Amino acid sequence: MTDVTLAVVLPLLGAFLLPLTAHRGLHWLGMLLGPALLALAALLLFATWTAFESPYAIALGGFAPPLGITFYVDLLGLLFALAVPLTSLLLWPGGSDEAAIRQQSLTLLLAAALTGMALSGDLFNLYVFYELAAVASYGLAASSATGPAFVAAFRFLLISALGSVVTLLGIALIYFKTGTLNLAHLATLSERLADPQGLAAFAMLLIGFGVKAELFPVNAWVPEVYAATGKRVAALLAGLASKLAVLAVVRILLLVFPHDEARQLLLLLGTLGVLSGELAAWQARDVTRMLAWSSIGQLGVVLVAFSLPGKAGLIAGVTVAMHHLVVKSALFLLADRWGGAVDRLKGAATASPLGAALFVLFALSLLGLPPLPGFWSKYLVLSGLAEAGSGMQHLALGVILLGTVIEGGYLLRIITRLYAAPERDIVPPAHRFPNLFASGLLALLLVAGAILIDPLWQGLNTLAASATDTQVYVQTVLGGKGITR
Amino acid sequence: MIWIAVMLVVLTLAAALAVLLLENLLAAVAAASVVSLGVAVMFVILQAPDVAMTEAVVGAGLSGLILALALRRLGQATLDIDANEAEHDA
Amino acid sequence: MRNIATLLLLGGLSFLLLVITGGLLFGNPPMLIGQGIQQAAPTEVGAANIVTAVVLGYRGLDTLGELSILFAAATAGGLVLGSTRGRSGRPGGFILRTGVDLLFPLMLVAGLYVVMHGHLTPGGGFQGGVILAAAFFLPLLARPQESLDHTWLSVIEALAGSAFIALGLAALFEGRAFLTPLFDHGVLGALVSSGSLPLLYLAVGLKVGAELASLLVRLSADDEGAS
Amino acid sequence: MNWAIGLVMFVGAVGLSVIGIAGMLMSNHLFRMVLALAVAEAGANLLLILAGYRWDAAAPILLPGHSTQAMVDPVPQAMVLTAIVIGVGVQALALSLVIRVRQHYATLDMRVARQRMQDALDQAAGVVPPRSQEGPAGERPLPAPTRTIEAGGPHD
Amino acid sequence: MIGALDMLLLAALAAIPLSALFATTRSGRWLLVAAYAVQFGLLIMLQPATAAHSALSFQLLGNAVGWQMDALGWYFAVITIGSAGFAAAYAAGEWSEVNGRLGLSLRWLYAGLQINVLAMLLLLASGDFVSLFIGWELTSWAGLILMLLAGGDAIRASLRYIVYAIAGGMTVFAGLVITQAAVGSLQFDALHAAAPSLGTGRLWAIALLFILGFSVKMASMPFHLWQAPAYAYSPAPGSSFLGSISARMGLFGIALVAIKLIGLAQLDRLSLVTDLVDLRGLLTWVAVFTAILPTFVAMRQNDARLLLGWHGVGQGGYMLLGVIIADRLGSAGGLLHVFNHATYQAILLMAVFAVIHRTGTADLNRLGGLVTRMPLTFLAMLIGIIGLAGLPPMNGFVSKWMIYRALIVDGHPLLFVATVISTLGTVLSVYKLLHNTFLGQLRLEHEQIHEAPWSMTVPMLLLCVVVFVTGAAPGLVLQYVAAAQQAIGLEPVRYILGGIESPTGSLDMLWITAILFAGFGIGAVLFYLIGGRSRRVHQLDNYAGGHFLTADVRYQYSDNFYAGLMHRIRPWYRGSFEWTESALVSALGAASTLARGFFEQANPAQWVLVGTTVIMTWVMWYALG
């Protein structure tokens, strides 16, 4: 009964059943159902994590791997899968009216889809889960039911749907050339995709999955959606959903397109993302959009990290991604009450000293102040870039450092306002307790990460060693009888 | 056979262009249905009866219905803009 | 100016697409898994319609995901449009009403037929579900004052979706993988065959029908007024 | 000549995708963008079906007695089934959003809707929109009529 | 096993919560001063000659991280803790009470001071590049705490500071990762061992990145704009602490990485344009311009704090010059100047803040004549400016003499002339400071001013004693300087108690001081023998043109000091650096607007198309090439 499929299925079941609790006095059940199922999923994944010995594959429906859909369970997938129910629990919307129940339903669907993306070992199944996550996030983006939210959600939908069409074209292209969808099977056939057509297919997949990963040319939806919707939703999308989309890209990159050109493409787009995101954030005058643009920049760093070849790249990427997951979620939670103009924040620290202290902590970690984890994540990326040492990578190194300087400028602008004297005795509102509590938990996580950085790194080493080994994947899924022609 | 295919493709592409170019939105919706139907016939030619049936039922039928309903509702939508304007002026 | 640039880019894009994909082999695909499925499906799943075997068997999880997407879209639509209030509009004419009355049972039967024969012939839960939704929706067009009971729709929706998952979980409880087909395969081509596939398609059909019906009702509803 | 059908259909698939994408890009009409999206999706679906098409094969349905016949690949067909349903779900959601946008901002023009959204966001955040000074004079609200100097006023 | 270094670091760490706890009461603050004394004692117990290792060392991400303190770090640490202790004592009494009442957070002030000390100790005790960078970043951010406390103008200045500081930090970061890529390890020894075999390209990158990063903290040209306002607007103890030592961390970094680890021999390999210019030559000129330009900027300032702040920048140039010449005498002069500058700069800032404490302003056009009201402060400032101007017998003279001497001996006449110009500027501008504050007519509103409280004057005067004693007997300090020189692999200076012994000319300050005082004595004796006598009169006890003067007539005031000189040099200095900086900021703004436009355009799907097309073109290009 510790089958990890349950971690995907249970939230789905919950999402289906949740609307029923809107009727006939079942509110208490509705309030409990979602968190309980998410907690169950988290426990399940945690149990799997602790009992984990070696990667294994689950053939869904009992059909032998290349034919049916497989779930592939390894440490990388489990780590990201575990992050999903935990973060969703932390950012649970709550409430018991009809709209709130719908929002919870969508959150559960999002959680199920993201867990599925972490575990899936099938290209089209990835696409389906990605679409599920996308549709759920359109709904969440519009959930604040204001005019801007509708426009932003519609624009998000358009970009994302266009991306989906492009992804579908890419999948068709891959299917044309290989006739299979299983990632392990594709890995054995990857030399068939080492030509312009294969690269084009990768580019198409990248554009499709990149929409949620806030990849450079397809991320225009980010600032407006985050500004128009609730901050918990923004935290969910920026913190969690983007990481899982990145994971999907990374799986495809590692297994199906282990070519330098594909990595270079990722590096290029990541670098441009850092540059555009940080530059745009420099002039942002309200906190939410500043954080949104900064999130684009950070996601660029994540992509640059994952574009590094081999173990180093994976370790760096996972570290940056997890760090950003913690920090950006927490910052958006804090921006719930502080999302307005930066200048309105004067004196906020007096009203909410704990909130301000947490904000400073997260901002410093984002900037990479040692010994906070942000420094180590940045160190891993930069030393990887310096090690790899091509011109493009040195450029990326410079751009990331420049981005940090700009980031320092605008984050400090917020921090100095927080601690400035209040103007005309208008004190910005204090935080709601749940948000403060959640970001406090994340802060504890951050500090624990700072203290335990070396054990974590060693754990990541073993994780990366198995995750970057294509042979292990293929052997595990196809059992050594990879069908090749 | 090949000529049927060519005609079909030309027809479908023309309908697709019509979707973009027709002034009347209802006509554009109809053109979109024609595109779906054309694609459905192509699916039949491509030996995909299941998909053809789905495309015909969903793409031409349901989707057309949804679009038409939405168009009707767009036409009669009462607007919140008046309330907004009042707010702006205040 | 911008449109010209867009057109130029588009031209470039389609040219590139054609050039890049031009070297593909048409009409002779590698069919690595297709071949395997065709050989294995009759014995492994027992459905005469191999597409159904793929949709519900080999790629059953995709179908669950697809149902969830539809559900997500319906939920999000509900979140966006809010709960519907009344519907107004002129009642349809005599002919429309009578026609709809006559059509309703026919469509119901047709929908159920398509759903239940999905494992044998083209068609299945989605197509049948759409027909069912239309069957329930058309009377509303004829008689705008009446309304579909949302509670029932949502109950059907929830239970049908849960039934799909429950069928999958049943296999899990028996120690097999999620969504493993249950029961005997039966005789290839018989109505009662291919194990639990017809049941799955029934669940799909009901869920799709209920979801689309509620979606249609919601879209056809009047505005709640300026709110 | 059956193989040529694939080529013709391929042109059709790419054509539909490109026309759909073009429609989404060149139109600023919200409703038409949704329509164009449907067209683009149809093109992508067609391409996917083509990926499993064999010119010498039958539909993947086992009929009694013909069990040995070559069949087209069933997997892309299953994928396209999924994709079509996904498409219609997204379309319905998009249309509900369009209805709401129309209600809130009284427009179906993407540019206008975007501008109004931006202004609303700026206003909610407490940031003065920079556009108000830079926009063409005609679009700016006229200054409120002031009293004439003879009537006396703060100048005195 | 906890060693002496661990004790020191633990004491500094433990003092942070104590500072936050006790800073609000007077006795508590004196306790904190005692805490600094304890830390100083612990530091003295360390053996400066041999490197003291910390017991704390661990593996982080495959790098061994540890701390150790050699004689160089020890020398800087002495100055750090000393400055902090004097600053804490200066503020312990009335100053804190008054400013606490005005809304200054004393807890943050004292805790911030202690955090700064800890961060600097961590930096000075770094044992590898990871701990170096940790210390570096902590130092940068800790400084921000002190700068932000004052609010108002300080916030703008500190924002500017932090952008510069992060830029510097990131440059160091880049140097660090490139070092790791080139050498394969982040240990100091690894770079030291591998430096001779590194290619010039790599070596250029490493040396340049580290030196640039450290220069930002030093505020060397062209990164000099941030420092003066950032340090000047901090509250008094923060300002005097930061002004004394903070920027010298950059010098420590350069001495450590460029001179100790990379080595002079390697630095000499780095030449541009066929040996015409090399890195060291470039740096000497940077140092000289850093010494000249800020000095003349200082002359233009009307805020006493800013004037001193700019001098701090300029004096940094001398130190860099001495260290980068790196012969026996020059490097000793540069390192000695760190100590000397810390002492007299602390005196000067303390004196200025004492004036602010009493009068409420540091505007040089609104002060004057305070010598009669605040004589002790005047004395302290007098001694301070003698030190700053580099005149005997105060300690500033010794270090500057050593640097001049080195320039002449090494054959850099141009550099020598340039430094003399700089010293000229220093003399002129410190006279402006002294004159406008203490001399001339006492302003009406300052009639009732008293001398600063003893808690503020005593630390100043104690520092004056230090300045005088180390001026007369520089050997006291030079022994540690020599040890520090040895620690970074330079030849140690040959010192005696009174100064330097060298074949090309010795310096014995004991004699010079004695002669000077003998001269003064003779002068006094002559004055009184001849029968000269002086009578104190009130400032208003004179008249002009038959009019008796009243206190409200401004008969003697200064405005636009050195107008003529300023007129002469203005064509040479038109604020081109300010202009460059603001141009950079504008460029950033423009780029930012562009990026925003990208995100906020009407049809976002357009970018999907553009992106796809470009990527596809790239794919085709790859296919062809």
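Order as written gives the chain letters A, B, C, D and E; numbering starts at 1 within each chain.
The rule is simple: a contact is a pair of C-beta atoms (placed from the backbone, for glycine too) under 8 Å apart; a residue touches a chain by one contact, two chains touch by 3 or more.
Computed from a prediction, not measured in an experiment: that's the story for all the values here.
Each chain's centre was taken as the mean of its CA atoms, and the one lying most distant from chain A is E. Closest to the middle of the protein, by Cα centroid, lies chain A. With centres set at the average Cα position, the gap from chain C to chain D is 22 Å. Distance between chain B and chain C, defined via averaged C-alpha coordinates, is recorded as 19 Å. A straight line joining the Cα centres of chain B and chain E is 73 Å long. Centroids of chain B and chain D (each the mean of its C-alpha atoms) stand 12 Å apart. Among all residues of chain A, those that touch two or more other chains are 124, 128, 131, 135, 138-139, 142, 147, 150, 153, 155, 158, 162, 169, 173, 175-176, 179, 181, 196, 200, 224. Annotation for chain E: residues 600, 605-606, 609-610, 612, 616, 619-620 touch two or more other chains.
Shown for chain C are the residues in touch with two or more other chains, namely 6, 10, 13, 17, 20-21, 24, 29, 31, 33-34, 37, 49, 51, 58-59, 62, 65-66, 69, 72-73, 76-77, 80, 122, 126, 215, 219, 223, 226.
Contacting chain pairs (ordered by label): A-C, A-D, A-E, B-C, B-D, C-D, C-E, D-E.
Put simply, chain C touches chain B in their complex at residues 49, 51-52, 122-124, 126-127, 130-131, 133-134, 137, 212, 215-216, 219-223, 225-227.
Of all residues in chain A, those touching chain E in their complex are 155, 158-159, 162-163, 166, 195-196, 199-200, 203-204, 206-207, 216-224, 261, 265, 275-277, 279-284, 293, 364, 367-371, 375-376, 378-380, 382-383, 385-387, 389, 397-398, 401-402, 404-406, 408-409, 412-413, 416, 419-421, 453-454, 457.
Those residues of chain C whose C-beta lies close enough to touch chain D in the complex are 3, 6-7, 10, 13-14, 17-18, 21, 24, 26-29, 31, 33-34, 37-38, 41-42, 48-51, 53-55, 58-59, 62-63, 65-66, 69-70, 72-74, 76-77, 80-81, 121-122, 126, 188-189, 208, 215, 218-219, 223, 226.
If you check the complex, the residues on chain B that touch chain C are 48-54, 57-58, 61-62, 65-66, 69-70, 72-73, 76-80, 82-83. Residue ranges on chain A touching chain C, taken from their complex, read 1, 3, 5-6, 9, 12-13, 15-17, 19-20, 22-23, 58-64, 66-69, 98-99, 102-103, 105-106, 109, 112-113, 116, 124-125, 128-129, 131-132, 135-136, 138-140, 142-143, 145, 150, 153, 169, 173, 175-182, 185, 189, 196-197, 200, 483, 485.
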